[in-house]
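Note that the chains are named A, B and C in the order they appear, and that numbering of residues resets to 1 at the start of each chain.
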Amino acid sequence: MARIELDHIRHAYMANPQSADDYALKEVHHQWSDGGAYALLGPSGCGKTTLLNIISGLLKPSEGQIRFNGTDVTNLSTEERNIAQVFQFPVVYDTMTVFDNLAFPLRNRGLPEADVKKRVTETLEMLDLSDRANKRARGLTADQKQKISLGRGLVRRDVNAILFDEPLTVIDPHLKWVLRSELKKLHRRFGFTMVYVTHDQTEALTFADKVVVMYEGEIVQIGTPDELFRKPAHTFVGYFIGSPGMNIVPIKLDQGRARLGEHVIDMPGATPMPGKMELGIRPEFVTLGREGMPVSISKVEDIGRHRIVRAQLADHDIAVVVPEDGDIPADPRVTFVPEGINLYADSRRVETRG
Amino acid sequence: MATTTTTMLRETASSHHEALGQSEAVARKMRRRGRESRFWWLVPTLYIVFLMLPIYWLVNMSFKTNTEILGSFSLWPQNPTLRNYMVIFTDPAWYSGYINSIIYVTLNTIISVGVALPAAYAFSRYKFLGDKHLFFWLLTNRMAPPAVFALPFLQLYSSFGLIDTHIAVALAHCLFNVPLAVWILEGFMSGVPKEIDETAYIDGYSFPRFFVKIFMPLIASGIGVAAFFCFMFSWVELLLARTLTTTEAKPIAATMTRTVSASGLDWGVLAAAGVLTIIPGALVIYFVRNYIAKGFALGRV
Amino acid sequence: MEKTYNNKAWFLVLPVLVLVAFSAVIPLMTVVNYSVQDTFGNNVFFWAGTEWFEQVLTSSRFHGALIRSLSFSLVILAIQIPLGIFVALNMPRKGIGVPICLVLMALPLLIPWNVVGTIWQVFGRGDIGLLGYTLRTLGISYNYATDPWHAWITVVVMDVWHWTSLVVLLCYAGLVSIPDAYYQAAKIDGASRWSVFRYIQLPKMNRVLLIAVLLRFMDSFMIYTEPFVVTGGGPGSATNFLSIDLVKMAIGQFDLGPAAAMSIVYFLIILALSWVFYTVMTNYDTANR
C-alpha cells in the first residue's frame, strides 16, 4: 500500500507537442494518500485512462515524475511497480480453474505451495467463490470473472495500489450494486489504495472517498462527494455531477451584487473582475414561490420523491427542485439560497466569502 | 467470517514484513521476466531470408545467359541480360499463356463470388432443412483431391465440347473455390447485425435491392478477401488447368513446363517465365495486404 | 445470432448447388461408374463389381503410396505447425514491419505450384542451384535425383518453404485478436514468457490452429504438382505419393477401373479424417459459446 505522488506529470501522444492543446494530459500535480479510495471521473476522452495508465506503468509520461511512498517509479515497468489492475473486460485464464487463476500471480512469484493454498482459499472465501474453486473459469458469468480479476490482485496482499479501469461496464445493473458494495467492504477491511476510473457519477460518488474530476486533460477538482456538490470548482463539475446539473447563468458583477438581466442578486464580498462571469446554483438551492425573480415554467417532471421544474429566467433555462408536496404558484417567482450561490470567472470558481 | 478477518489482518501485517526482505529478489526476478527479448526480430528475419533465397536465385538466373548459368557459379549476374525476358515478350506462345491464365482466373473469381454471395447469406441468416449437412458437403469439395477429378473432368467437358476453353478451367476451379468463398463470406455476413436487414425491409426495400445497395457495401472487405483467395487458389492450381487445356486456353505456368521439355533446357527463359508468374501474385498481395490478416482473423480460410 | 427457420433459403443456395453439382457430383458419379466396371476399349463396359476395390486395397503399390502420403503429412504437420507458431509469436505487432512481413511471407503462397517445383528443382541442383552448389562445396554429397532420402528431404523442405506461411498468417491473426488487457494482466501477475504462451496465446489460438492443421493435412495429403515437378515420384518410387500414383495410373496408363477405385478409397480416407476434424472443431465451437 502506498502514497501516490504525481509530480508535474504531463503527457502527449505525439512526439513534439507545441501548444498546451497537444497534451492529452495537462499538468497534473497531486498527492494521493495511502489507503485512499479515489475515483477518476470524467467524460470519455478527458484523459482519465491516460492518467491511470501512467500510474500503472503502461505509459511513460512525457514529463514529470511519479512516486510511490517517495520512491521514484517513473521508469519502472508495471510488474516492478507491484500494482494490481482490474480491466474493463474481465481477464481470466480460460483454461485454468478458478483456484489456479488466483494462485497464478503467487506461483509466478515463487511462493511456497502451502502459502499459496492458504491465501487463495481465504481470498476465494472473501469473494464468495469457494464453491467454484475447482471449476474452469471459462464457464463463469461476467461478474464472477470480474471478481476473479480482482481476486488476483487481492491475493497478493502487498500490492501498492489496485487500479480499476471501468470495471463494471459489462456487469448487469443489479449486480453492479452488489459488486460495488463488496468492493467498498473490502477496502474498509484492508485499506488498499484504490484508483477507480469511471464515467458514471453514481459509481464514483458511492465508491470513492475522494473523487477526481477530469475535463479536457486536466484535473478540475479533487474532493469528497459533498464538496463536489456544494462547491464545484469548475462549471463543468457543476453540471457533470448532480441530476439535474447545476444552473449556470451569465452575470455582470458590481461591487457586492450581481446583475442577471434586469434582476439584481446580492453577493456580499464580490468585487468586479475581468473575464467571463457566471453564477452557478444547484436546482436544490433554488426556491420556487411567490417572491423573487419572475420565471415562466416550460415543463414539470415528476420523478417520484420530488419534481423538477424547468423554467426560463431572464431568457436562461434553469431547473428547480420542488418537493413532491410543494406547490407551484400561478405567478411563479424564484429566489436563490445564498449558501448555494457559487461565482465563476472564466469557468473557475471564485471564493467570495471567508 | 469475523475470525477470518482478524487472522487475515494479522497475516497481512506479517507478510508485509517478510515482503520487505523478499521484495528485492522478487523485483529483480520480475524485471528479468518483464523485458522483451531484444532479438525477437531475428526469427522473422531468418524466416524471410529462408523464403526469399530460392526466389532470389530464380530472379538471379533470369538475368543471366545460359552460358553463364551453366559455365560459372556467381551470386549475381556478371553480364546482366534482358534476353530471356525479350524471348517471352516477343513470342505469342509465351505471352498468350499469361492472358489465358488471367482470363480464367478472373472468370472463376467472378463466378465463385457471384454464386457464393446468396448462398452465404442463406447460411448466415436462416435455418433450413439440411443446412448443416449441406455446409459440410460443400466443404468436402474443398477437401477433394484434384487428382481424383482430373480424368472425370476431362471426359465430362469433352462431352460438352468445353475442352480447351477458358470457361472449362474456370468452372473446374469452382470445385474448391465456391466452398471457400461461401465459407469466408458466411463469416463476414454473420458479423452484420440482422436488424439492418429488418430495418431495410421495413423501409420498403425489396430483397435484391437491399442486397446490392445496402448489404454488399457493408461486407465489401469480406468480398475483397473472398475474391483474393479465389484468385490465389485459381492462379496457383495447375493439375486441372493443364488437363483441361491444350493450346487455346493454356495457362502460363503450363506453357512454361512444356516449352522447357520441348526445347531442351533453356534455363534462362525458364527462370524469366517463373519470375513473371510470381509478379501478379506479388501485386495482388501488395494491394490486399491490410485485409490479409483480417481475412485470416475470421479463421475461415 | 438467432436464425429464423425458412426453407425458402434453399433458393439462395440453389446456384451453388447447380454449379457444384456440375463440377463435383457428375464427375464423382463418373468415377463411381468406372470403379465398378471393366472395359476392353471401344466404350464397351461391363460390370466388374468390387473387383477393382479388392485389387486396389490388397495391392502393395497402393499400400506403399498410402504409407508414403500419410508419413509425408505427419512430417509436414510436425514441422510446419510448431515452426508456424514460433514465427507468428515473434512477428512485430505494429509499425512498418507488419505489412512487410505479411507481404513477403505470403509470397510463396501465390506462386503457381509447378513454379514452386521448378524453383526448388533448380535451387537444389549441384551444378547451377545455390543450395546444391553450396552443399557440394561444403563437401556434403547431395543429389535429390538419385538418393531417396535426399529426395524426401528436398520435398519436405520445399513444402515447409511453400506452406509454413499459411500457418504463420493464421496464428498471427489469432494472436492479434487477443485484447491488450490480457498481456497487461499477465505482466501484472508476473507471468513468464512461457506462461503467457501456455495460458493466454495457445488457448486463444486454438481455433485457428485446428483450421491450420485441417488445411495443412488435407493439402499435404493431396500434394501432387510440386513433388511431381521436382522428382516425378522418384527416385524409384520414393516420392510416389497417392496423387502422383493416381494420375500415373489414370492418365498415364489409362487403367480406368483401378484408378477410379483408388480415387474413391483415397477420397473416402480424406473425407473420414476431415469429418473427424470438422466434428472436433464444431464441438469445440459450441463448447465455447
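One rule holds in what follows: a contact is a pair of C-beta atoms (placed from the backbone, for glycine too) under 8 Å apart; a residue touches a chain by one contact, two chains touch by 3 or more.
Computed from a predicted model, the values in this text were never measured in an experiment.
Taking the mean of each chain's C-alpha atoms as its centre, the chain lying closest to the overall protein C-alpha centroid is B. Farthest chain from chain C, judged by C-alpha centroids: A. Put simply, the C-alpha centre of chain B and that of chain C have 14 angstrom between them. If you average the Cα atoms of chain A and of chain C, the two centres end up 56 Å apart. The centroid of the Cα atoms in chain A and the matching centroid in chain B are 50 Å apart.
Residue numbers of chain A whose C-beta contacts span two or more other chains: 77-79, 109. Residue positions 30, 33-34 of chain B each touch two or more of the other chains. Within chain C, the positions touching two or more other chains are listed as 187, 190-192. Residues of chain C that touch chain B in their complex: 1-10, 12-13, 15-16, 19-20, 22-24, 26-28, 30-31, 86-87, 90-92, 97, 99, 101-115, 118-120, 122-123, 127-131, 133, 161, 164-165, 168-170, 172-174, 176-177, 187, 190-193, 207-208, 211, 215, 218, 221-222, 224-225, 229, 242-244, 246-247, 250-251, 256, 259-260, 263-264, 266-267, 270-271, 274-275, 278.
Contact residues of chain A toward chain C in the complex are 56, 58, 77-79, 83-85, 87-89, 91, 93-96, 104-105, 108-109, 138, 149, 152-153. Of all residues in chain B, only 30, 33-34, 37, 40-44, 47-48, 50-55, 57-58, 61, 69-70, 73, 75, 111, 114-116, 118-119, 121-129, 131, 134, 136, 138-153, 155-156, 171-172, 174-175, 178-179, 182, 190, 193-194, 232, 235-239, 243, 251-254, 256-257, 267, 270-271, 274, 277-278, 280-282, 284-286, 289-290, 292-294, 296-301 touch chain C in the complex they form. Listed in rising order, the residues of chain C touching chain A in the complex are 179, 181-182, 184-185, 187-192, 195, 199-200, 203, 288.
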